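Quick one: structure below, then a few questions.
Chain nomenclature is as follows: A, B, C, D, E, F, G and H, assigned in order of appearance, with residue numbering initiated at 1 for each chain independently.
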């Protein structure tokens, strides 16, 4: 797929309330380009709630249900159930933040996944509760400043895609707003699979991560390039690296994580020791991936 | 009398802080004060509004301010998008950050105080990430236009708010603006 | 056909008769049999519906909201802890104006754990914008749930409806229920129209995004007005039901109130025992009556007031508690009658909390106590049938 | 459809003319532009207008001036200038 | 020391001054600054507490319940959706008799989303067995939270306490607050004693297992009695506070009511604007007064009744809605006055929903309208300051 | 460790309300023997709620907090936080059913795990909501009858230990009431580790699974022997098979799953096809385990 | 400690003398018993009483007759008999 | 008159079903009836209680039954643990499943009907998992002791409840018990 092939239509209109350089907007634009107009969107409380504007107007051109913070996967299950019983065949797509996914929405998410509801759940991960002003979420990475972790978060980032993969759903993928084609291809693949699809979209947020608004994509690219964020998909249990991550299995291929950290104000205060912890964490995560990939090779999948 | 002040700025300019500092200065003088933002999502660059009430005596008000006595415009660009004079009392004052003597047809009816806060701020090196920080300078201009509190009180409030050099420079910005502001 | 059914199975049959399309519920004693029976209907193909077996009540109501927003007729049921666990979504369903129907099997809230009957759970959500009925019998449970869909989906209403039934005394009690013919019910209740809106790409819009104060207040006004309409629409629907099925219920169940001197006002199945007490007292020459409130929300303030204005003494029996304040129905009744010229004497009783039984003898005592207190002018609320000293803790 | 709840319809500029938010303004140098559409795909606002011929234009009415387009343009065809 | 503080920071300072030991909260606009500030206190070592950064409000209250059961002084804070999401545990905390304190920054409930001020959230949990205060100013927020621990931990009470403050009009409004000295506060509020129980292997027992009806009802009675005690204990504690800090609040804030002919009864920060309106009317010769209810639960029925019995007309201004019924405070006031011989004329107003501002001019109109309606005898509830036709939807 | 070494004291007294042959009781008895009297117990709504009896009596001799269904991990976090701040050092142990763990309690569980709270969470998995009368839970296995899945559950059993392992907590283990020493050793190990410990205890329930009460242990043994339930522990990320499962890596070593299924009434109706699905599922799960173990060998851990 | 909430204290027989629930009764043959304590560790009720010398006895007052002990006894020392 | 009946059985014996079948038989005869369990956790083997109310006319009662007219004991063993006659009306009847003529000092005051339901059930092969299913037989005995409904109605209610052979055998159990029951 090539940029030029992409849909010219916009599904989130300009002049909306996102911050300049907002990754959530980018993510949503890309979803639109992958899905087109025949889909139903479900959005829990999050930056998206604000972004699409104030009643009686909306920036989103797809039918959209705003719903309570904890419930997006459940509400989407309901929409999907209704469509099924009515014989309608539109994809139902959740677009939720990391808080609404990994924290307060996790239970509904896990339940829907276990029931293998026919929905696509996309989490845009800006690594904190940005809408309420940058509080720690469980996907905030170790060491990051937020307004509730002034000295940096003490715990590691919750690995939601891994948790979702442990649910044995047909499709799990990670993506980054810095790699639009990779992301769009994943959404398009998800559209073709019946059952529960989970895509975790890395979404560097200038406001919350404290970097200049023009660097949104750059920071996203650095996350992938340093291996701090890994692009992969798991289709029916088989893991595949995608995009640039394919070539980063060996540590040497990856940029030093400092390059990623230093552009972000939220990591300004961190010590060398903390950087070491972060590097180790990255190393470990890659080891896990490597393990799985090698084994798959052995097993011929 | 209760002075009601509305601040117009843009997200990232410290508009809300300006309102709060004005109140702190007033309270330090034994007056009563109150400040509050209009709360929506405050986006970088987007128009922002904040309010303050200053009075000699304590009062019980908590309602919004719709007919202010003073309007403060931190960024002239706002005026392209927002009718900043909306609700301004007939004998009200407009304090505007502007280079050059600012006058606009529609503002004719009001007293206008102009200060080049941007220039002052720039000259003092008050800028963060592409933004010139004019909020403290504007405070000096306000008390020039209307002697709500002494400029020294403003300067002290600023010093108490930021440590050391940052406080000093900002206090200096207020002082200079106080001096340079022109009431038309 | 007359069948012997528990209250829970009556509720399940009502869902079947209403041809609900999406059901989502989470088990909780004593509601469980409702969802089990519906699971059976769905799995045996009797009911063409998706049954979404969620992981919690909060999700159950969220599924209903999603499904209802996409146009399906939806059903759920819960009780006590489950009702509170979903309460954020209970409020949501009404403000979103979705015609969801939910029986609530009323049970005492924990701690300590308790599975028996109390009405506090349902009354705690009385201000959430749901139309609330409370049934006296299993027949009424069934009839009311089917009626509920007709009411909920009425253009003048578009609000969710809750139907309360007592834990065990109805939910697990088997009694004769006339189960209407499906064909007749279909005539009474056609499939849900596309109200109030249906999420569909053919007409894209966004539901529920941020609204500024004036708009929000206007929406609240409309919701309030729709709720007020309920008092009328409930009667119309009840009338229609009566014409087809020969049974009707109205807003209030007026049992010998018209010439009564003393009235017990209460809700739920226990009102029946109060009626038996009234019959007994009538035999002894005391003009007793029972006013059972069936539509508990919106509270039929005027209708209650009209009836009570004619009596001397009223006993309000509350099987619920607002700690530090007293009975919730008592508060509603008193405030409803505030502007009456001639107000009756009203005495409140807290009875049957935690599932304590209230017997016919108890009601006889309440009638007698009320008359006596009326003579003495002692209107202090009383804790009834609880030996406060003897019950050791 | 009865309008009893908060139903909103799609519209541009739900937050007003967001062009006013800008501190810096992206300026496109047509000569340098190679029509790769990278700015178009990355612009968070959808304010890089993609023409029939895949040339681009900037919608200043709504462009918030974030600078992403400029930062990502491989030929440096977009530069940010103070407003 | 006089500081200029927002309502949220006042709440955070109160937690600091109370030396809370376990804090658990979840962010929500407009409460967020409370927890952010407390996070700062904890991380900078100012406050020796464990701050548990939970994944939801339901868990926040569960953490508080666990910690409080194990003897710690605990604190949380929430708003609107968060309050409903935790509501199962809100009920639990009271029935478990745990002295937890929680400010609630009152905000309008969704849908549609709305972050501004409304009191419905807090009033929806009024019957959950929490003592509820509602503050008019940031000073009162701070003072009341510290008082709340003393009240909650009193042997005659042992109940949780909620302190309401208005979204934005207090939470985000900076005003002068006299922050008391830590040493003085320590004298006023000693560390929590081992009440009502402490989970510990040295004395093993089980909390909250199933209880049969009689026992359950007895427990409810005890909870009710403790709630009733609050009316007295609140005054005692307030007295003690006054002796040390020179400020006091009582149950009701009686603003020129004693000789008033017409009174506005309301709650929250907006009462101040009503007071300004009353001052204005007094100047014009109208004997206006304002009765602000500070202790909203248990409702001080007798105290309210005593004051209102002496006036001609009362306007109850509700910034909340029970759809189909009206204002919740109105219902409480009417029912409180039911047995009065001479009842004042009462008219209810629904105002300020969804965060709509209520101005001094509005209150002046309400006073005037009330007097006029009184003359006409028209006591119908009114929707105030909403142009129902003009506001298009 | 040997049976004879075990604590003679009982921490749940006889004459309680469990069904005859109840596995939840067995599990709790064993915990007592592992922990002794210095611990605090947290119990959500479940069979245990009923088992320990009606106020004012309790069968449990340890201090115990009954708590709402969804909250055991959070309430335990609270207890643990209070103990920490008070300088007390008792273990806090959650004993919860599978519904209270995998469904309505999952979010609080996941949150506590991410915060690495210092508690031991033990889920006794009787594979349905037994207390409310045998409704499906997410850990009900594929094919099993419950009162809400009359034709057998259509979805697979949620793999909670795997999900918990994805949370990177210091200790995750599975256990079975049929292997008491194995279980007790795991609890004892958990007592020594700081942070979040998760133990998933397989608990065949005669009432819900429809087998005669004397077969509780036998069914548990069959689950392990057929490989339908696998005993292992994951300590700091390293997986180890334990007990009889150690010798069941190769399919040939495992009994045919039918032996496990046929004693249970809840599987009475299942077809050969369904048996095949179940066998495959088991096979897959073992393959996963095998993969990990082999890799650990390669990596020398 | 103020007793204001539902606080319960440990006690045997919270469900009464549960021996009455039995349909079948476990009978121990002391001669066959090898004191392996398997019945003791598996008994759901704790009604296999372990003596000082690791011999066992059955507490019929509370034994519910589930049969687990009998089923698990490796020497078949416990048999279930109709009550 | 309203007949109130209390059933004592043990978990797993179908005590609640017995009460319900009695009601179904009554309703089929045009009478009014109501049955309900005492709800606690029903454990296999543990004492269980269920209730029924039978009357000619519809009534409004929903309160508990504390002073029954008839008490039915499905399992004599219960009487070791529970005072089954608690609350029994003075002229009440006890229907007991017992081999041999059952008489106990404490029951002297009441009419007693005895039936060896266990024997009947066993002889008909009515047993499941070690349990002899006596509930249907007991129904026959009840209507022998007190003619609440015809035994045929009981038999029909049973047949409607279970398909084919199971229904038949159980109906037969009721019939036999009706014949064999002895009212002392």
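Heads up, the rule we're going with is that a contact is a pair of C-beta atoms (placed from the backbone, for glycine too) under 8 Å apart; a residue touches a chain by one contact, two chains touch by 3 or more.
Since we're looking at a predicted model, the values are computed, not measured.
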Quiz prompt | Interchain contact steps from subunit F to subunit G (minimum; 1 if touching) | solution = 1
Quiz prompt | G-H or A-D - the one linked by more C-beta pairs in contact | solution = A-D
Quiz item: Quick one: subunit A and subunit E, Cα centre-to-centre, how many Å?
Solution: 40
Quiz item: Where the CA atoms of subunit D average out and where those of subunit F average out, how many Å apart are those spots?
Solution: 55
Quiz prompt | Distance between chain centroids, defined by C-alpha means - subunit C, subunit G (Å) | solution = 47
Quiz item: So which stretches of subunit F touch two or more other chains?
Solution: 17-18, 20, 49-50, 52-56, 58, 60-61, 66, 68, 70, 103-104, 106-107, 110-111, 114-115, 131, 138, 212-213
Quiz item: At which residue positions does subunit C touch at least two other chains?
Solution: 29, 53, 55-56, 58, 81, 85, 88, 92, 95-96, 110-113, 115-116, 203-212, 215, 219, 222-223, 226, 357, 393
Quiz item: When you check subunit H against every other chain, which residues touch at least two of them?
Solution: 43-46, 130
Self-check item: Touching pairs - complete list by chain label
Solution: A-B, A-C, A-D, A-E, A-F, B-D, B-E, C-D, C-E, C-F, C-G, C-H, D-E, E-F, E-G, F-G, F-H, G-H
Quiz prompt | List of subunit C residues in touch with subunit E within their complex | solution = 58, 81, 84-85, 87-88, 91-92, 94-96, 108-116, 120, 123-129, 131, 207-224, 226-228, 230, 297-299, 301, 321-326, 328, 330-335, 337-339, 343, 346, 353-357, 379, 383, 386, 388, 391, 393
Practice problem: Please name which positions on subunit B make contact with subunit E in the complex. | Solution: 19-20, 23-24, 27, 32-37, 39, 59-64, 66
Quiz item: Contact residues on subunit A for subunit D in the complex?
Solution: 3-4, 6, 8, 10, 12-18, 20-23, 25-26, 29-30, 52-61, 180, 206, 212-218
Practice problem: Please give the residue numbers of subunit C that touch subunit F in the complex, ascending. | Solution: 26-29, 32, 35-36, 39-40, 43-44, 51, 53, 55-56, 81, 85, 110-113, 393
Quiz prompt | subunit C to subunit H touching residues, read off their complex | solution = 2, 4, 29-30, 115-116, 136, 166, 168-170, 172-176, 269-273, 275-276, 357-360
